Amino acid sequence: MSSTFAGLALRLSIFGQSHSEAIGMTLDGLPAGLPIDLDKLQGFLNRRAPGQNDWSTPRKEEDRPEFLCGLKDGYTCGAPLTAIIHNNNTRPRDYSRLKITPRPGHADYTAEVKYGGFQDYSGGGHFSGRLTAPLCIAGGVLKQMLESKGITVDARIAAIAGIRDDSPFTASVADKRFPVVDDAVGEQMREAIQAARAEGDSVGGVIECVARGLPVGIGEPMFDGVENQIARTVFAVPAVKGLEFGAGFAAANMRGSGNNDPFTVKDGRIETLTNNAGGILGGISNGMPVVFRAAVKPTPSIAKEQQSVNLNTMRPEALSITGRHDPCIVPRAVPVIEAAAALAISDLILGESKWN
Amino acid sequence: MSSTFAGLALRLSIFGQSHSEAIGMTLDGLPAGLPIDLDKLQGFLNRRAPGQNDWSTPRKEEDRPEFLCGLKDGYTCGAPLTAIIHNNNTRPRDYSRLKITPRPGHADYTAEVKYGGFQDYSGGGHFSGRLTAPLCIAGGVLKQMLESKGITVDARIAAIAGIRDDSPFTASVADKRFPVVDDAVGEQMREAIQAARAEGDSVGGVIECVARGLPVGIGEPMFDGVENQIARTVFAVPAVKGLEFGAGFAAANMRGSGNNDPFTVKDGRIETLTNNAGGILGGISNGMPVVFRAAVKPTPSIAKEQQSVNLNTMRPEALSITGRHDPCIVPRAVPVIEAAAALAISDLILGESKWN
Amino acid sequence: MSSTFAGLALRLSIFGQSHSEAIGMTLDGLPAGLPIDLDKLQGFLNRRAPGQNDWSTPRKEEDRPEFLCGLKDGYTCGAPLTAIIHNNNTRPRDYSRLKITPRPGHADYTAEVKYGGFQDYSGGGHFSGRLTAPLCIAGGVLKQMLESKGITVDARIAAIAGIRDDSPFTASVADKRFPVVDDAVGEQMREAIQAARAEGDSVGGVIECVARGLPVGIGEPMFDGVENQIARTVFAVPAVKGLEFGAGFAAANMRGSGNNDPFTVKDGRIETLTNNAGGILGGISNGMPVVFRAAVKPTPSIAKEQQSVNLNTMRPEALSITGRHDPCIVPRAVPVIEAAAALAISDLILGESKWN
Amino acid sequence: MSSTFAGLALRLSIFGQSHSEAIGMTLDGLPAGLPIDLDKLQGFLNRRAPGQNDWSTPRKEEDRPEFLCGLKDGYTCGAPLTAIIHNNNTRPRDYSRLKITPRPGHADYTAEVKYGGFQDYSGGGHFSGRLTAPLCIAGGVLKQMLESKGITVDARIAAIAGIRDDSPFTASVADKRFPVVDDAVGEQMREAIQAARAEGDSVGGVIECVARGLPVGIGEPMFDGVENQIARTVFAVPAVKGLEFGAGFAAANMRGSGNNDPFTVKDGRIETLTNNAGGILGGISNGMPVVFRAAVKPTPSIAKEQQSVNLNTMRPEALSITGRHDPCIVPRAVPVIEAAAALAISDLILGESKWN
């Protein structure tokens, strides 16, 4: 029990290991009759795919999902939707050292203990960032569903290596190869990535996500609020170590008079003059954009020598990680965060009982 | 579906409104045979109770739980544990204005829409901070359970109104009336609270929580990792708007070589030299303390005049909130965060399958 | 985890032991704005209450629920609904022998092992039939909800002690003290009950339940079909050992040509000429009445001497159960079965996503 | 939400339609380190496969699962286990008539309404009996897991077309082509099947299942008892319309003195002299064999002309079903019932918290 999201209305099962025959997902609970634009979905998946630019790993994967079921003539048919991606491009390598000498910052050690030595450590196994591809299949489908109701979910790079893009995030940057609002700041970020790469190191960053168009009243009190749900899916993305909504941690430094968003009326509907609440009051959407930021840690796989421990000898051992690794996963994680948010929001909306 | 936490092993149902006959909780899934020290539990609840000091509201509530079932001769008996607190101290006031003129920063507006005008708005209803009392009953019981296995969960004030206490958090501050490590810094915080109060305003802060003694291997990949679970329960605490684990948002500014925690051996067991991961790798506990920080927004109820909207006339309307309100809820929220963390951690531990 | 029903939309937590301070229930997920007629609810609960007639135990309990929260001015307010019943009428008796010499047909032995000797064995503890009272509170509320949409759930005695009432079940018998369609057959049943009682013995029976007015399309394939859901709640009623839908076990003896229900059109809507499917095709309601029968075993508490084992000495020991016990619980179980069915059906209807 | 079993410890997602690219399942929550004998699993699947004998449809499917992930070197690795079966043998046929003229006894009509005309009606779509193949993959794996702890799950034909085999069920009949204890009675059953086939008709039957070796104390009170869990999975098998445990419906005709199972001591452990409870007291296993029977309706697909309705014209229409159909699915359903029971029992055992 772990890799299955059992939400209010949706159940998403994600499966696969980095080097298993295939990875994939089953999404159960989709309404029937949704048209799925597979080309558009592929475009979304391509935003996550590696190998397309200078700051990401050169490994070339197709990430072309094969739909096994759940569709009929291009529409969801009410049955579970399953798609898989075959792992064709796995090079035969020897990963057995990861079992003995776990990589710092990875799940090698914890999985070794948890699974009693039986885990599939090759390429990170089930903990590989590659498993975000099936999450993106689900998220891409759900984004199309949400868009059919006028709900959009867009993310962007807000910071990398401490370089912040504080520009207002008013329009999607999905069509940019480097999804940042201010391209000049983006250029600095890319330089910081290259500098880290040159030193065999890596950098992290912050991704901001905005969901617009949610009706007022989505989200349940306490354990199933909008924040809880988004946290549940966003922390499923490897490398995310922090999450804040609206003003977030900055709110902790504010006074109530500054943090409270005054109500107003605009075009006949209630709005707030500011959005420090990130569109959420009492766990429930208030009609303003839902805004959150996720902190992404620097890629743990680095060429620089690191200290580990040999689990057989229980003695310290130096470790240098070779192979293909992104010096910064933040750009590729942008659509993944959108997918996670789309999952949380879709589940809340579909799970909303409509008795009357 | 909302106020019931349906975890891997535990199901916690929290019920009540600020001014209903009673509030309470049912905790289902506790092992049988746990001794529950009710005096110790009361001591824990008293840390949350209002009216005991200068920075909190003078309303004097007993918060003395009445256990209806689930115990036999002081031990859990395997049946669900239910405890209630009667709402004796509710003053007959007229809250009907909240229905028409929602308070900024509160759930008045969103609940009005969500529940079609039928919600119990008196005193915030089900969204009142008072509902953290039953969460603390559950958390206090679970803390005792965890302690019987050597697992401790301790929280402290890390910041208020931007004043930070960066002292290392090595020992519980539960017996302090103002739960901060550095009392001198605490004094500054209290002054900031008084300053805000004097201006009819409020302040927020940050709470840090540390769980020690977790075995290696707790937490499931993806949707049920330690981060996901803690997020699910901590965001159930009203006013929490941000959450970070280990280095958290600071990790976004670090390089991989600095953020990765090197493995080492100490006293024959694996540890890490630093703990930027907050004790969690791949969603799974690694044996180091689990460390997180929650951002708490300033109390939304302030005496200062604010702008709202009259939902009947749909015209802006000024609002001044009278009555008893904490200018800063952070000190009282400290045990609540412990309770939320204890819930998440207990559920993960109890939910861990032990096949072999 | 056990006494909490976590359905598609509803979460029902049932708590209490036979001799605990109180028993009760929390129902989470109800729509806001439902009017609850408490007198009508009491009338429903009275159908289950003991002490009112010759075939049931003379113990007089009030079973008058105290609502702690979830209602405002007679309407559900969206917050969880909690009601309790205080156990005032528990006689101080010594039940400790049940711990050492378990009663055949009861949970004494299995609970003793499961809970490691910590269970509350007094009066059957959490396994007492008394715990069907809170189920009836939930069911009574949900029946009112369903009735507001034209959906009725009615049960009747179909057989007792092998005496069958095969009369068509076309109208509610809820107002009868002995809820049978054919009163003459009912008289024979009552004689059979008295005969068993006279011999210190007990009898079982069959309850039939019919839900009318369900829209077509309720129920999910495989694990959440109408049959699965009803089974999940009906087998929560102690003493139920069998369940069948429509023709049920008789269908096993039929041919397909006789069992298949031919489709027809009546008043412009699709119906079936027969209803061997019990209103369910592929787990989904087809618009015909949902019909099921539950087999209720004879009351295990009997005055006749039985063989048990002394768990201390591990030697056989004769046991005679004294005290107040129904020689037949079937009549009082009739509203309980209605409650269980109402829970299952309400959850399916509320859980139905309404995307379009 | 539907085709995903979200149990206490296991989550099983079943996907596919009769004529989709593939069908399959993902099983999440398996312990790591279980050896999976794929040949043995294939042997189990072959018991369900069609086309192998005279009483079943001649369609020849391989039902050879392709494992995509979750295994490493023949052992479960802790990650979700996914297996698929490609639908190679689907003949290009025109099923569109099923959409307009639904087959009696099938889900054609209810699915058409539920999914708003978007369901995949070809070959029954997601409601096809073919979807029991992935359930058998999961069940076959879980049976191996249970066997490693000495727990066996065996089913047999107890009746077909009213012809009953009342022989004691003491040993597995899994290696028989026609899984009945008394082969002479089995021969009569086969004749009854052939007689029905000759008339273009079908017959139903009863399957009995026995699980031996469960420890005492498995199962939770009320909603997660052994009966509830088995009901939840067994009613997921198409065509099952009844379920009874131990004496079941016969208990309704018994007296308490006859139905109560007297306790005794055998070889130093508690047993009962009879097993009318079917190994379950209070929802909890008592150490005796868990025994249940499932009523299987006659195959709804029959060659005989039946009455349906044309949904376009809303006029009655005669329907004759052509193609390959079992005149009796009971023999092939025997391993499916074992699979369903293995799922329920495995989940209860894995979900049992082991705090002490």
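Each chain carries a letter (A, B, C and D) given by its place in the written order, and its residues are counted from 1.
Just so we're on the same page, a residue touches a chain if its C-beta (ideal position, glycine included) is under 8 Å from a C-beta of that chain, and two chains touch if they have at least 3 such contacts.
Source: prediction; values computed, not measured.
With centres defined by CA atoms alone, the chain at the far end from subunit C is A.
If you compare B-C with A-B, the chain pair joined by more contacting C-beta pairs is A-B. The distance from the centre of subunit B to the centre of subunit C, with each centre set as the mean of the Cα atoms, comes to 38 Å.
Mean C-alpha positions place subunit B and subunit D at a centre distance of 45 Å. Mean C-alpha position of subunit A lies 26 Å from that of subunit B. Annotation for subunit B: residues touching 2 or more other chains are 1-4, 8-9, 14, 29, 33, 79, 111, 114, 116, 126, 221, 351, 356.
Residues 1-5, 8, 14, 102, 104-107, 109-111, 113-114, 116, 126-127, 131, 159, 161-162, 196, 201-206, 216-217, 219-225, 227-228, 231-233, 235-236, 238, 240-249, 251-265, 268, 270, 272-273, 276-278, 281-286, 295-302, 304, 306-309, 311, 314-316, 351, 353, 356 of subunit A touch subunit B in their complex.
By the touch criterion given at the top, residues 1-4, 6, 9-11, 13-17, 20-24, 26, 28-29, 32-33, 66-70, 72, 75-82, 84, 111, 114-120, 125-126 of subunit A touch subunit D in their complex. Residues 8-9, 29, 31, 33, 79, 145, 221, 350-351, 353-356 of subunit B are the ones that touch subunit D when the two sit in their complex.
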